[in-house]
Amino acid sequence: MIELKREELLISQLADLLINDKHIAVGAASPIPGAAALLAKEEAKIQNNRLRVTILHSNKYNNFTDGARELFDCAAQGRIDTFFLGGVQIDGEANINLVGTGSYENIQKRFPGSFGSALMYFVVPQIILFREEHSPRTLVNKVDFISAPGFSDENIYRPGGPKFLLTNRALFKFNKQKKRFCLLKIHNNESLENVIKLTGFKFDVDDNLTNMSIPNENRINILRSKISYMVSEFYPEFADRIWGV
Amino acid sequence: MNQFNELSLSEIVDEVKDGDLIGIPADYSGVPMEFTKELIKKGIKDLRLYCLPLTTIQGDMLIGSGCVSQIEAAAVTLGEFGLAPRFSEAVETGKIVIKDSTCPALHAQLQATEKSVPFMPLRGVIGSDIQKYRKDWQVIENPMKSSGNKDEPILLLPAVQLDVLIFHAPCVDKNGNIQIGRRRELATLAHASKNVFVTTEQILDIDLFDDELSAATCLPALYIDGISVVKNGAWPCALPGVYGADNDEIKKYSIAAKTQKGFEDYMKKYLFN
Amino acid sequence: MNQFNELSLSEIVDEVKDGDLIGIPADYSGVPMEFTKELIKKGIKDLRLYCLPLTTIQGDMLIGSGCVSQIEAAAVTLGEFGLAPRFSEAVETGKIVIKDSTCPALHAQLQATEKSVPFMPLRGVIGSDIQKYRKDWQVIENPMKSSGNKDEPILLLPAVQLDVLIFHAPCVDKNGNIQIGRRRELATLAHASKNVFVTTEQILDIDLFDDELSAATCLPALYIDGISVVKNGAWPCALPGVYGADNDEIKKYSIAAKTQKGFEDYMKKYLFN
Amino acid sequence: MIELKREELLISQLADLLINDKHIAVGAASPIPGAAALLAKEEAKIQNNRLRVTILHSNKYNNFTDGARELFDCAAQGRIDTFFLGGVQIDGEANINLVGTGSYENIQKRFPGSFGSALMYFVVPQIILFREEHSPRTLVNKVDFISAPGFSDENIYRPGGPKFLLTNRALFKFNKQKKRFCLLKIHNNESLENVIKLTGFKFDVDDNLTNMSIPNENRINILRSKISYMVSEFYPEFADRIWGV
């Protein structure tokens, strides 16, 4: 069997978080979340369950017909169960920064901007933060700019928020009460010590800390024989690099 | 005979004035690159870009060419080719004013103008630094007794009316109706703009309103002030459903534009070839 | 195999509960008359009708049959066949509560729910008796410093979420996408409703999303909870683009329904023939 | 030549009020305004001017694609120059009532309702009130219910409002400053005395009071040979009754 790629492990890890969903949406430039959502949909179909996936970057997997605002309206209506967000910086209270580093008025390095995060983070019940790079540069003690806050006061309308943070080294769960991440799983080639060293914020460690689970053969088969081709429609470069399709 | 105002590309360019608040469509909505080229050649100044909700190479080129004083956007990016280098540098060096926003806010501000109301409420956003730095936004306590929570803070966004909007469409009909398909954000943009001009790949010798289903794919001619046929008018951007992006060209740009010098060399060829 | 929840008409009827706030489409949007018949037979009670923005024979029959406790509408009328007699009498005798509204307000209240904001502002209306009698509406001074006039009174309308919406559509595809064409108010209704059921003339063995232009004519399946095939499901109302109204029948109704007795005789035949 | 019908005279009278328009919208159940708008469009075309007509009751002459709300949004944007409104009652201050007679809480006779009048009356620059029946029952001193007010305080956003009132007996112009109608024209078979008697409100009389002008032969030709067929698409009964088409 061909060796499991790191991206495949991450896709499988994400797919495990999607099994209770009815509708998953995936934003721009997210091949790994997109593949995970399609994998979850395919596995649901085998169980005779219907899972809807909306991939904005795709025509084929885009369920919307009301223009670019429908993603946000649909999410605000509570019709999207899971959405993925990234960040130039993510801090220990799950604040995310997509704008830049340094002080805002005198910015050091400018990044693209906040996209729809400032609404989606508030209204989608399960937000999965996904950032491959796991380093003190990306996972910081305090973000330089809050594109969207990790938590809100009680009087703020906020049915949604952060549930998990996945990097290429670790999976964290966010504890809303404690406003703090808890480490659940680490990559097979990774040590807890190293994860602590590479994380710029303090976090709890789950009593049952385990390695990320290797996908079974069935899942790997579906991923390589089916999902790969689906992904190649909207992320051809990624599909080519990982699976050569 | 076509029953609409058919213009040359330079006539459309002449309708854009220094200082205008101009609507900028996202990369999936039909980017009018040939128009943008001519606008840069004309030496337009102090444009204020209103992106719905983001811009890619179009915004970056306008900024690098010194045409822009202000940009309101949820993102400026070259997508898989990385950061928008002229945008990033212009913000880092304080050359342009950036009004950082978030996608639904950019939609809602236009929808306020669409309805001619002074503001639209939006949920979320509160507690972000986006909100903190937007002095034209306002947070009030929910005044509505019959819905929502009484002590809930609510964000109000001002109505924004664009001076002018230009986008590129696959086709228009002989009566000037524009086929936009699922790209309905173009309707919102048009409704909220004083003037709207369209460049298009072709004029169809039919009336799209003759059939109810094709009518449903249109932005009606009543919102349009002029149309110009421009082949490959979105190149090197994609025109969804017609042609894909020229990724080699965008990559070339992304590398060249990393420095102002490289950008200028690139633009010389781009504008005058 | 059809990839959606295919129901019988009676299963859809069972999804409507006494007291529900139910969305009522205008005569041009696909009136689900066969469904309405079954709903009346079931003996539903205390329905609250939310008309976008008006109702004709559907609302009048439900009112005359004693199914309705409240109606919110901009108009109830039989069009060229005159007043809606059961509606008029029910209002005149105080049998139902009428929340008089105006078309754009009915749209805006649903758009608030579409965006999940507690209210929407609207211009106009102030100084009318409509506003005077709507205790759930509110007038505040424009709070927005950066747009509008500071001392301008602004009407705020509450977000309204429907319990259930039923409409009749020309066709749906095998994946449950509904072809609505230009009748985009059906999308607003669906977005603002907890549950949505559709009766339809036919199921097409295609996926309307396979083509970008036909995709643009759809209300996506994700908003739909169940679909039932019902031939001539809008009769005697029109199903625009498929069949016209049966004006003889509506005229017959308009005459019979002038009295409660005449209405009841008419309905006996209508319901059980 | 076939005798001029009263409806044709009213159509011609309305068409005269539309010559400066770029976009006219016509609501439900308005065959005479609909025919007038199409006539104005046809005459504009002869002059090489473009006049847009949106007739909501028609598919063919309906320019909208954004659902039933577009009429109101479009009007609020200032893109409709003329719209027509009626009324169960219209009073001397141009208040209109489409709801019913008697006190609202204890209504005597209930009519359909206000439709979109409460917005359209505020935002369309030229509102033409059109009510065929000219009697003390329809033209009253004070309406029983204000569906939309004839005028508003200065701080209210109101670019639009009443400009004319046409009945089958008379044409009035509304004076915004005086909040009062002024009689401009009366029907050929009508006397000023009778109009005063049949009008439930006080009004001014124009110094140049004239009869309604008879349409010239050209206009009658266009109306009968062309407009009649157009109208039959969306008001077949009316077209049949007036022109037998």
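Chains: A, B, C and D, in written order; residue numbering restarts at 1 for each.
The rule is simple: a contact is a pair of C-beta atoms (placed from the backbone, for glycine too) under 8 Å apart; a residue touches a chain by one contact, two chains touch by 3 or more.
From a predicted model like this one, the values you see are computed outputs, not experimental measurements.
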In the contact graph of chains, the distance from subunit A to subunit C in steps is 1
Chain whose average C-alpha position is farthest from subunit A's own | D
Roughly how far is subunit A from subunit B, going centre to centre by Cα mean, in whole Å?
-> 28
Distance from the mean Cα position of subunit C to that of subunit B, given in whole angstrom = 35
Note: subunit D sits from subunit B at a C-alpha centroid distance in Å of 39
Return the distance between the CA-based centres of subunit A and subunit D, expressed in whole Å.
-> 58
Residues of subunit B that touch at least two other chains are 104, 115-117, 122-123, 148-149, 152, 182, 187, 212, 215-217, 240-241
So which stretches of subunit A touch two or more other chains?
-> 59, 64-66, 72-73, 76, 123, 157
Partner subunit C, residues of subunit D touching it in the complex = 28-29, 59, 62, 64-69, 71-73, 76, 98-100, 104, 107-123, 145-149, 152-153, 155-158, 237
Residues of subunit A touching subunit C in the complex = 23, 50, 52, 54, 59-60, 63-66, 72-74, 76-79, 123, 157
For the complex, which residues does subunit C have touching subunit A?
-> 3, 113-117, 187, 191, 209, 212, 215-216, 218-223
Which residues, counting only subunit B, touch subunit C once they are in their complex?
-> 104, 108, 112, 115-123, 136-138, 140, 142-149, 152, 154, 156, 158-159, 179-182, 212-217, 240-241
Subunit B - residues contacting subunit A, complex = 26, 28-29, 52-54, 73-77, 79-80, 83-84, 87-89, 91-92, 100-105, 107, 111, 122-131, 133, 148-149, 151-153, 182-188, 240-241
